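Below you'll find the structures, each written out as structure tokens.
What follows is chain A paired twice: with chain B in the first complex and chain C in the second.
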Partner chain A sequence: MSNLTQAFHLVLQTDVLLAILLASIYGLVVGSLPGLSATMAVALLVPITFYLSPIAAIATIISASAMAIFSGDIPGALLRIPGTPASAAYTDEAYAMTRKGQPELALGIGLWFSALGGIAGTLSLMLLAPPLADMALNFSTYENFWLAFLGLMCATLVARSSPVKAIASMLLGLLVSCIGIENPAGTPRFTFGVTDLFGGIEVIPALVGVFAVSEVMRAMMSAEPPKMPFRRFGSILKSQWTLTKQYVKPQVRGNIVGIIIGVLPGAGADMAAWVSYSMAKRFSKTPEKFGTGHPEGLIEAGASNNASLASGWVPALLFAIPGDTITAIAIGVLYMKGLNPGPTLFTEQASSMYALYIIFIIANIIMIPLGIIMIRVASRVLRAPRSAIMPVIVLMCAVGTFATGNNLFAVMTVAAFGVIGYVMERNGFPVAAMVLGIIMGTMVEQSLVTSLMKSDGSIIPFFNRPVAAVLAAMTIAALLWPVAAWGWRSMRVATR
Partner chain B sequence: MQLSDRVTGLSLVALGGLAAYGGWRLPPFPGQEMGPEVFPMVVGISLALCGAMIAAGVGRSYEDEAEADLARISAEAEADGSTAASHHSKWWELRVLIPPALLLFYYFVVDRLGFLPTAAVIVLIASLALGARARLAIPLAICAPLVVNLIFLKLLRVPLPSGMLPLPWIGLP
Partner chain C sequence: MTTRTRREVLAGGGALAAAAAIGAGPAFGQAYPARPITLICPWAAGGGTDATARIVAAVLEKELKQPVNVVNRTGGSGVVGHAAIAAAPPDGYTLGIVTVEISMMHWQGLTELKPDSYTPLALMNEDPPGIQVNASSPYKTVKELADAIKASPHGSMKASGTGQGGIWHLALVGWLLAMGLKPDHVRWVPLNGAAPSMQDLAAGGLDLVTCSVPEARAIIEAGKARSLAVMAAERNPAFKDVPTLKEAMGIDYNSGAWRGFTAPKGLNPEIAKQLTAALQRVNQSKEFLDFMAARGFGVKWADAEGFAKFMDEGNKAMGVAMKAAGLAKG
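Presenting the complex of A and B:
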């Protein structure tokens, strides 16, 4: 209990509360601007969190990401342009509702069920994490290796693209993590004599490049989105309680699917929304109404993407395996702030963990009033032209990454990864898988090489410990699954 | 910059091969069988295998599905807005390199020129490239660097290089 009071004490500081409020407003605005994703919002915040206290830093990430995922629904419903990829799955449905003259209903559903989904996700985090931490305390390097490998494989399984390309992206990330002297022998690897590469490729500039610079590059090639018309809204929360009671099943299903997808490494809010929307359609009694402005799919997917956000923190906190791209960034921040992820975090820093839960709940509660204000002013905020926002983002990319280490080389890294991210995306290579590889590379290598050293090069101990064997079986299944699916598919095509 | 699967696949084969070779040439860890060479070799060989599979077109069917979904979502949205894709000259595609080029510009000149002038040039060029009128771009290029500098200096206490334009009277070094 003393941990809990201590946690409240940690959260109820002026700087933390101010950080939550400002990050929420920032998240709402950035998330609602088409083309700026929630991941980008968080990536641009990292340099700033560098200068905050640990709890305030985590609070900014949690609140900004939760708000951005919700506010991505706003341009989706009003303009049919998803503000974040996580809203893309149900943009058509929300826009159909606006055309029927019910924009407040569509946005209200987005807001209300996002908040409920976020709270459900937080509860799952509170319930799942401690028992898993107990189990994880007994893991040796063999289990850690399989776990990290399984995490990497999951990221490639769920990518909405060719699994082979996803695996290739992940391997590219691992290769990037090889650069530098941080390896078992401390030998400079792939540094080509460049001193700046000795420290390796830093994660934050790479993330900012892949998620922010490549986004600006895409904006250079696409047309400016249309302006939002001025609009007056009726009551936003009016019919939400009726809907909550009417659609209990889709909502619960959305929360559960969101939580499961969030826990899977690498699969984030956008994946959760796609899966939940199609599940809602499949299980609905009235599937023919989907696409005509029917609330069912919106409820399920809106709840799902916010639920996945909180549960994505489970593997991140326990094993430093990111549940999605946002927690991938969060892991970097946790390390930066001395809250190194791992099972001991729950025993030694229990109050910080409770503080994290409290922040999640606060963020999801204040989402409702702030979200209502945002919806009402959206048509004014969103009139800011892209040609004014994107240049400032380029500037922030440069200054922000420079500030994290007072190192100009980081700016070069940002530019390089912007180009890499852009080229990969254009050719169907999922960048999230590469980011995961960069972040987890050092850990995978360490657990692999240390295990091999312990066993004198034998691979038997990787399989004959019970937990390791189970994890190994799961990993191999994940690896073989795309092959099997591909074989089955081509057989079906051949017989047709 | 859309390349065929054959090109991307074969370049991955080359990259993976080079990585494995580079790893193999690393000096071993004294007294141990395993050392810094293991991981790059494993990753490099797997990457080369993946590259070969991509070049052979394995897994292409998944992408077609995802692309069809995306196309359905974005097709009508693009049809509404007037797409600027009508007058594609040969050089038009190079616009995409403006953001990274601006970052490189920052890397090379910020220490000599100072933050404010460098940032002003970056904002001005980026804004004009995205189709802003001078009426918007010029005030933005003057104000945005000042605001960013003040945020970093006052709130985060990160001094940025002042270079040729120190402005002590508004509190910038």
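Presenting the complex of A and C:
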């Protein structure tokens, strides 16, 4: 108990509380700008943490990342441009809701269920850290392969267009992920001797290009749409409680999936959102409503990506193994502040650990008032003339991606993918599926090749390790399900 | 905080642009340094090299009385950032932290850059590899592990620590060669660095991992892995009970990942001297030493001349090791 009192004492310092507040505002702004991801928000904070006390330093990272993942939903819902990759999975859904005249509902869902998801993730960190960490340590490359493969299959589930076009887009994404030398053999592929291409195509510039720049190009090609009838933005939280009661199952499922994916090394909030959105669709009683502005998928995926944030800290704190790209940076800061990750952190520095939990809870609670202010401010873009918004978006994309890699090559990448995204959309190929291919491509290849090297080319370990076997069964079932369903339907038709 | 970070980013970008505009002609008549300095780090924020760059930048800032901004130019396993350092104008306003990879990548044909593509300033750190096994592994000493490796069929045992041809791969190759075995007697599984390798070791996917002991620390302390030996001349003071390879097996093989500071080639010798002197004061500062001790990183010092010699010798040794391992091109 004394640890808990001490922890409150650590958190209730002016510098820590100020750090939480400022980092939250910062995270909200950065997350809502296309081209600046939650990871980027945290990376930019690293130099500042140098000058802060240990608890304040960790507080900035926790608050900024939680806010950024939520506020990535804002431009997604208002402009169909996801602010971070974690929002890409359900951007179309949220935007459809805005077109239906319910932007406050879409954004309210993002805010409310993000906060609940974040708190659920924190509880998992507090109560289940040791068993979750042991689960993470059971994941070898074999299990990672199945996980990445399952992630790839979400492409067809999420897309509203024909599955064939979704698969084609995803394969294009996989091809893009081949560029560079970060492959198991360390061999340059498709680099043409250009140094910048050695680093490969990063997810952020590609994402910004296919979503934001192509959206601007579409706007240039078409006449200004009829203005949405002017009206006051309604209450943001009003219907959330009803939705919470109505969609208990998707929400709980989203939290659990988010927690599990967050704990696993190499998979983070992006993948959590994809998997949860497609699970929501698969298990929904009304899958046909998905993509038309239906809250179910938003609830599940919005809860999931924020839940994964907190649980990503479990392996980071216990073993210094990052659960996602954000905790990879956080581990460096923990070391720098003398909070060396490891089991001793939980025993010898228990008060610091409790302080960390308290910060997580505070961050997820103040997300609600700050988020409401942010939504109200951001909603003005709906009333601004398109000719004013679009150039600003292009400018933000260029500045944001330049900051990501500190080089102009990223800006060129954005431009190139803008054109690619535009052409794809014109022809009915979903760009989200391509982004998924780029995100998962490296993981699929790495885990497959390294697994086969470990097993001397045998595929048996993909099936005879217990966790791998379960994942393999899930993957194969998901693969065969559409075939079986189709076969069943045609048989019934035939017997009639 | 929002405005501040964004301003810093813009300032970093602005500094780059200004440096490019001014070109090779430093502002004569003004005492160096007259404006902020950019320090390029070829590895991502949050990693060991980034941390080293940032602590050095923080202390160097006090020495030079000018801000030192760390800019991460990542990607391509270090190629992109190392190229950016070499291509910057040699006016003393763009410096870089260079890592052991600079003496390896050109042998693989990945870049034209070699250690002598830079103006060396100072060597600050070196970390030797340790040999780690799973906690439930039957091998209690490095001798037992070595005997098991010798008795095992070619390629049946698996190791990792980093990607193909990375520094920890070369460390394993060097150890195998020193034992009179083939360089690929233990198969290397390329993984994305030390943390994923240690995780796979704990998950039971690998037989051993060669990476520095600080990188393996958390998993060892969690009781999931053991460190059997370090490939260094001396034990690591932070891990006193891990013997050196020489103590345990009588094999005198040392290796290590190092980090040093350089400027683009063609830097004014006066400025270079001033920077080396400032870096020496950083190397002896309490702040730097405390930080390195807390992380378990090895502190090393060599001035410009010593660093050049160190890189040259390391470069030749790497060439021999990489050719033996079949990793070198041409």
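Following the convention adopted for this analysis, the second predicted complex is superposed on the first by the 275 of 496 C-alpha atoms of A that agree within 3 Å, B and C clash if a C-alpha of one lies under 4 Å from a C-alpha of the other, contacts with A are read in each partner's own complex, and residues count from 1 in each chain.
Simple rule for what comes next: a contact is a pair of C-beta atoms (placed from the backbone, for glycine too) under 8 Å apart; a residue touches a chain by one contact, two chains touch by 3 or more.
In this text, all values refer to a predicted model and were calculated from it rather than measured experimentally.
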item: Touched partner set for A:V29, first chain B, second chain C, both or neither; value: second
item: Partner chain in contact with A:E445 - chain B first, chain C second, else both or neither; value: first
item: Touched partner set for A:A403, first chain B, second chain C, both or neither; value: both
item: Contacts of A:F8 with chain B and chain C, given as first, second, both or neither; value: neither
item: Touched partner set for A:A185, first chain B, second chain C, both or neither; value: both
item: Touching partner for A:W241 - first (chain B), second (chain C), both, neither; value: neither
item: Touched partner set for A:L318, first chain B, second chain C, both or neither; value: second
item: Touched partner set for A:N138, first chain B, second chain C, both or neither; value: second
item: First (chain B), second (chain C), both or neither touched by A:D456; value: both
item: Chain B and chain C contact sites that coincide on chain A, given as residue numbers; value: 47-48, 50, 184-185, 402-403, 406, 449, 453, 456
item: Residues of chain C that touch chain A when the two form their complex; value: 1-2, 4-5, 8-9, 12-13, 16, 44-48, 50-51, 54-55, 58, 69-77, 79-80, 83-84, 108, 110-111, 155-156, 158, 160, 163-166, 187, 189-192, 195-196, 198-200, 202-206, 217-219, 221-224, 291, 294-295
item: Partner chain B, residues of chain A touching it in the complex; value: 47-48, 50-51, 80-82, 88, 91-92, 160-165, 167-168, 171-172, 174-175, 178, 183-185, 187, 189-190, 213, 216-226, 385-388, 390-392, 394-399, 402-403, 406, 408, 411-412, 414-416, 418-419, 422-423, 426-429, 444-445, 448-449, 452-453, 456-457, 482, 486, 489
item: Contact footprint of chain C on chain A as seen in their complex; value: 22-23, 25-26, 29-30, 43-48, 50, 60, 136-143, 180-182, 184-186, 188, 195-196, 198-200, 202, 265-266, 315, 318-322, 328-333, 335-336, 338, 340-344, 402-403, 405-407, 446, 449-450, 453-454, 456
item: In the complex, chain B residues that touch chain A; value: 1-3, 5, 8, 12, 15-16, 19, 22-23, 26-27, 29, 32-36, 38-40, 42-44, 46-47, 50-51, 53-54, 58-63, 66-67, 69, 73, 76-78, 80-85, 93, 95-104, 106-107, 110-111, 115, 119, 122-124, 126-132, 136-137, 140-141, 144-145, 148, 152, 155-158, 160
